[in-house]
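In what follows, a structure is listed as structure tokens, so that the remarks can point back to it.
A, B, C, D, E and F label the chains in the order they appear, each numbered from 1.
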Amino acid sequence: MGDVISLAGQNLISPMILCFALGMAAALARSDLSFPEAVAKGMSLYLLFAIGFKGGVGVAAHGVDTGLVLALGAGVVLSAGLPFVAFGLLRVLTRLSVTDRAAVAAHYGSISIVTFVAASALLQGQGIAFEGYMVAVAAAMEAPAILAALWIISRAGGRPDDSPGLWREILLNGSIVLLVGAFAIGWITGEDGLADISAFIEAPFRGVLCLFLLDMGLVAGRGLRQARGALSAGVLGFGVVMPPVGAAIGLGAGLVIGLSPGGVALMMVLAASASYIAVPAAMRVALPEANPAVSLTLALGVTFPFNLTLGIPLYLAVAGAVAG
Amino acid sequence: MKMHDAKRVEILVEAMMETRLTDALGRAGVTGYTVLPVSGGSGRSGPWSREGQVGRAAGMVAVVCLVRPDRLDPLLEAVFPVLDRHIGVVSVTDTQILRAERF
Amino acid sequence: MKMHDAKRVEILVEAMMETRLTDALGRAGVTGYTVLPVSGGSGRSGPWSREGQVGRAAGMVAVVCLVRPDRLDPLLEAVFPVLDRHIGVVSVTDTQILRAERF
Amino acid sequence: MKMHDAKRVEILVEAMMETRLTDALGRAGVTGYTVLPVSGGSGRSGPWSREGQVGRAAGMVAVVCLVRPDRLDPLLEAVFPVLDRHIGVVSVTDTQILRAERF
Amino acid sequence: MGDVISLAGQNLISPMILCFALGMAAALARSDLSFPEAVAKGMSLYLLFAIGFKGGVGVAAHGVDTGLVLALGAGVVLSAGLPFVAFGLLRVLTRLSVTDRAAVAAHYGSISIVTFVAASALLQGQGIAFEGYMVAVAAAMEAPAILAALWIISRAGGRPDDSPGLWREILLNGSIVLLVGAFAIGWITGEDGLADISAFIEAPFRGVLCLFLLDMGLVAGRGLRQARGALSAGVLGFGVVMPPVGAAIGLGAGLVIGLSPGGVALMMVLAASASYIAVPAAMRVALPEANPAVSLTLALGVTFPFNLTLGIPLYLAVAGAVAG
Amino acid sequence: MGDVISLAGQNLISPMILCFALGMAAALARSDLSFPEAVAKGMSLYLLFAIGFKGGVGVAAHGVDTGLVLALGAGVVLSAGLPFVAFGLLRVLTRLSVTDRAAVAAHYGSISIVTFVAASALLQGQGIAFEGYMVAVAAAMEAPAILAALWIISRAGGRPDDSPGLWREILLNGSIVLLVGAFAIGWITGEDGLADISAFIEAPFRGVLCLFLLDMGLVAGRGLRQARGALSAGVLGFGVVMPPVGAAIGLGAGLVIGLSPGGVALMMVLAASASYIAVPAAMRVALPEANPAVSLTLALGVTFPFNLTLGIPLYLAVAGAVAG
């Protein structure tokens, strides 16, 4: 227990977390500090490319076994199943409409790649190994949650727009393509490829992550400021209750398929995190009546900071204790 | 200089719907349009800004079409179903254009 | 398609005044507007461009409001004090909008 | 509020011609204009987008000039030779402006 | 004396200065070379973050003493006092209106963070130590000059717009918040934090600074080209006379509070430099009748290059001789 | 022969080529993956600055001899002569109008700096030396081809817009100014300058190049998708026939002036490559009636990938065999 607290404490005063806090504080104080959209996108492309590539190199180094297939399968099942858990929990905790509940559920079944990146940076900082293919699991978990939410809403009499164009958009959305593509390139080129470009994708990685988290803090803080009122206590409560629930389910899945302690921790992180890029965009097309302010503010303004500060160290400690 | 009557249709639509909108314009035979970036705004659903954003969920674009007056109705009919359930504002202004042979 | 008369108000204003302007719009009950980026221009004080600029002192934005005709005067009255001493150009154009229930 | 008749001239022109166009405007005595970025579009020569582009060959800008009605003809005469062989769309809309002493 | 000249000579053929010169030459020759606004802002965010962070780490390493408080106080006094000197000098040298004189005076009381960055890069290149908290002094010197200028203009019968909103804007403007925030993060996380992200904020720093100076050369050159005529000989003269005057006053302040030679040099640089980001924006709001072309072209097109090429080596040499 | 194939094979599975392929595949599959324009421009400014600077440092290190002058002269002659070859070949292979043929010919007389960068990265990876001034040759080869094409079109009764403004634009276009300026700065500051900023311009270089090639793949793929139909089989054929023809002529030029094997290879690459930045822009002004979709798609969608994958290893092998 003392370990959890000290790990959480250390985590809280890392440059990454402090950068996020700085951004959030600046936005709440209405500072005009901001990153241009193009710079934010550029950093995000860099992070996706680097994390995908390094994941692929990891697979090239340690070979691929049935673990990869099992983990992908577990990820898909989690992503498709968690929305039902979230949808139920939302009914208990909030008065949101069915449409809004389905939209929020899709966000929580899916994953936040930056939470994943922050967690793997923490693991690396502590010298804890994990399976390189977990980044592919992350990619596989983006879409099934959307399918699940659309199924939920259809059954409830809703009328989602699920034209074929939507599916191409979801499966070929930029972040999935870049993540999976970089993973494949890392896998193909292996250690040689990494040696070629490691001064670009490894050395500055944590620094770029800090600046990106600063930007995310700014956007999250601005969202919270503008959405005050739209979020009831029940909705806010869901934002901190759902992550540990998801993590517990992710823990089970990780143990069942026999991941390493680091891998189990990352599976917990994926299950606990909520999408704030791919799913919001898909929901605007498929469920335009859902209020984007609710799900986006919840995912980015409540769950993301919760995971970043308390969640990740907690999941790490639990994974270490249970799977270690 | 010789000018010709035309309509300037300005469609403010959420960014996620841009391709669907321009596809619909194409199907309606409107191949001339220009897309301008939008950096922020405010509506019934509150204010928003593109600053620092990565995702495309919050954000709009402005699509400007200059058309001959007789092409207006097919254009609006093509556009309407796309915007129906979505955030979008359409305005139509009388204008005059040079070089109408292009339209 | 059923269209409704409206006014398209386009306010070109220096970037530093954007928040003051939109706050004034909000106080006047105008919650619908869209902000477009501006990359350069020229006026009595000479030409300018945003290229390579870091500071916000030189630069403008375009704020477009579509309003019902009867809302025009309160809008202009709210906007005027903000622009009074500042760089800004306001134009008002007759237009027609779809879905007037939104305005 | 006291408004004055004016013309809103909107020139969509390929980016490479921007300086030539604004130079021509200057020579015609039009020193007030504002340039808006354009992110994509479509015309007889097909669709285009600025995304990921480095070169300036594919791309346009929108130049907006507000002028007093009597200044319209010299403006168009100055603009025409620049656009003659080039991609460009010119529209002229009746509008009303505040603070006409500036124009 | 020979030392000053050789130091200035070395400085003049450093990549930094040559990059600035390249940008200026390209703009004056009407080349279409330009940086996108987003890239320029991205580089500026990077530089502010890096310089603030490293300053904070410096304070964490060497501890904090009364020196910090004294230096902050000296900075505030300088920033509030220099506008009066500048205002007087402008009356002697130019025919500018009272409003324009007050606006220019605000720029010269405040500071240019890039001049500060260039000077500290030069100090580091020469192995001269300086107090890490000088970056906090730089932040503290941004705002008082604006207050002083508004006081001057009010007393002269002017009518500045000094609504409360303005003060929040000035004190919470993006560059101050980022600089001070990064400083605090560097201070809190110390050497460990630096080790975490030094490959991002230290290794590429000088290279990014070169490209940023290239961009500044482009903007300065374009400003000079467009403002020819707006600047009389007297105004131009002020642009090169005021920096050494400010530096001399800064020298006195630095000696009185007992800074190290490196710290004295930086205090001189701060006093000698003129703001071209925060103050111009504040002046557009508070003194809209002031002609921005005059003060911005003077600060960026005359004083900045003067300090960059001749001023900094001169101040360094003087500080070394007097405080060394 | 086996060597050529193994070199080409190695090249094909390098991160650089795979990134380009990823971009092209994503665009052809209509993924929404894209780089903001500002990020693409930022990467291009970085690459131009770095390659120019390193070229200048190379000249500073090895001194300058008549070789530089000869190579510049050869470059100018090649750039002015190749358009005639291309124009003739286009008459045989295609039914393009005279205007379109002249426009395409201008692209192929001029050069693609990214192809040059990719080739020099490959040379460096293999430890093959080359003359630092080749980057100056690249700069010198940008403009003469435009002059040649305008001469061709005038003789054919066309009416190009060759106002003096055009010439300033062509000679002072941003990429030439940056490349030549950075080259000069590298030359002046030499190894000391490089040491100052090598962590910025050397270490991350190959990684940035990978991301830039990913973006180019996206743009090239989008161009191919949109221009299907505009390109006949003959036009496509020209896109792969012209590069080896140009390379053969470049080989002759390189041998005549006595370049090193690495230098000969780069001369071949320059002759084989086609401009997709400077010349397309110049053609829009000078020959507005030419269809930009034809020449741009050909240069970026056909010739660039051909050179990147097969051309460069081939030219390298030939240069090694003949000049080695």
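Everything below uses one rule, namely that a residue touches a chain if its C-beta (ideal position, glycine included) is under 8 Å from a C-beta of that chain, and two chains touch if they have at least 3 such contacts.
Composition by chain, UniProt nomenclature: A, E, F = Sodium-dependent bicarbonate transport family permease; B, C, D = Nitrogen regulatory protein P-II.
What you see is a predicted model, and the numbers here were worked out from it, not measured in a lab.
Peer 1: Give me the chains shared as neighbours by chain B and chain F.
Peer 2: Joint contacts, listed by label: A, D.
Peer 1: Which chain pair shares more contacting C-beta pairs: A-E, or B-D?
Peer 2: Of A-E and B-D, it is A-E that has more C-beta pairs in contact.
Peer 1: Could you grab the centroid distance between chain D and chain F? Build each centroid from C-alpha atoms only and quote it in angstrom.
Peer 2: Roughly 34 Å, centre to centre.
Peer 1: What is the distance, in whole Å, between the centres of chain C and chain F, each centre taken as the mean of its C-alpha atoms?
Peer 2: 45
Peer 1: Averaging over Cα atoms per chain, report the distance between chain C and chain D in Å.
Peer 2: 18
Peer 1: Could you pull out the residues of chain B that touch at least 2 other chains?
Peer 2: Only 36-37, 47, 56, 93-94 qualify.
Peer 1: For chain E, which residues are shared contacts with two or more other chains?
Peer 2: In chain E, the residues touching two or more other chains are 32, 34-39, 41-42, 203-204.
Peer 1: Determine which chains touch and list them pairwise.
Peer 2: Final set of chain pairs in contact is A-B, A-E, A-F, B-C, B-D, C-D, C-E, D-F, E-F.
Peer 1: List the residues on chain A that touch chain B in their complex, please.
Peer 2: On the chain A side, the touching residues are 34-37, 40-41, 44, 161, 165, 215, 218-219, 222, 226-227, 276-278, 280-281, 283-285, 288-289, 291-293, 296.
Peer 1: Would you mind writing out the residues of chain F in touch with chain E in their complex?
Peer 2: Interface residues on the chain F side: 36-39, 41-42, 45-46, 49, 53, 168-169, 172-175, 177-178, 181-182, 184-185, 188-189, 193, 196-197, 199-201, 203-204.
Peer 1: Would you pull the chain D residues touching chain B in the complex into a rising list?
Peer 2: 10, 12, 36-44, 47, 60, 62, 73, 76-77, 80, 83, 89-94
Peer 1: For chain A, which residues are in contact with chain E within the complex?
Peer 2: So the residues of chain A touching chain E come out as 13-15, 18-19, 22, 25-26, 29-39, 42, 125, 203-208, 210-211, 214.
Peer 1: Which of the residues in chain B come into contact with chain A in the complex?
Peer 2: Those residues of chain B that touch chain A are 14, 16-17, 20, 45-58, 85-87.
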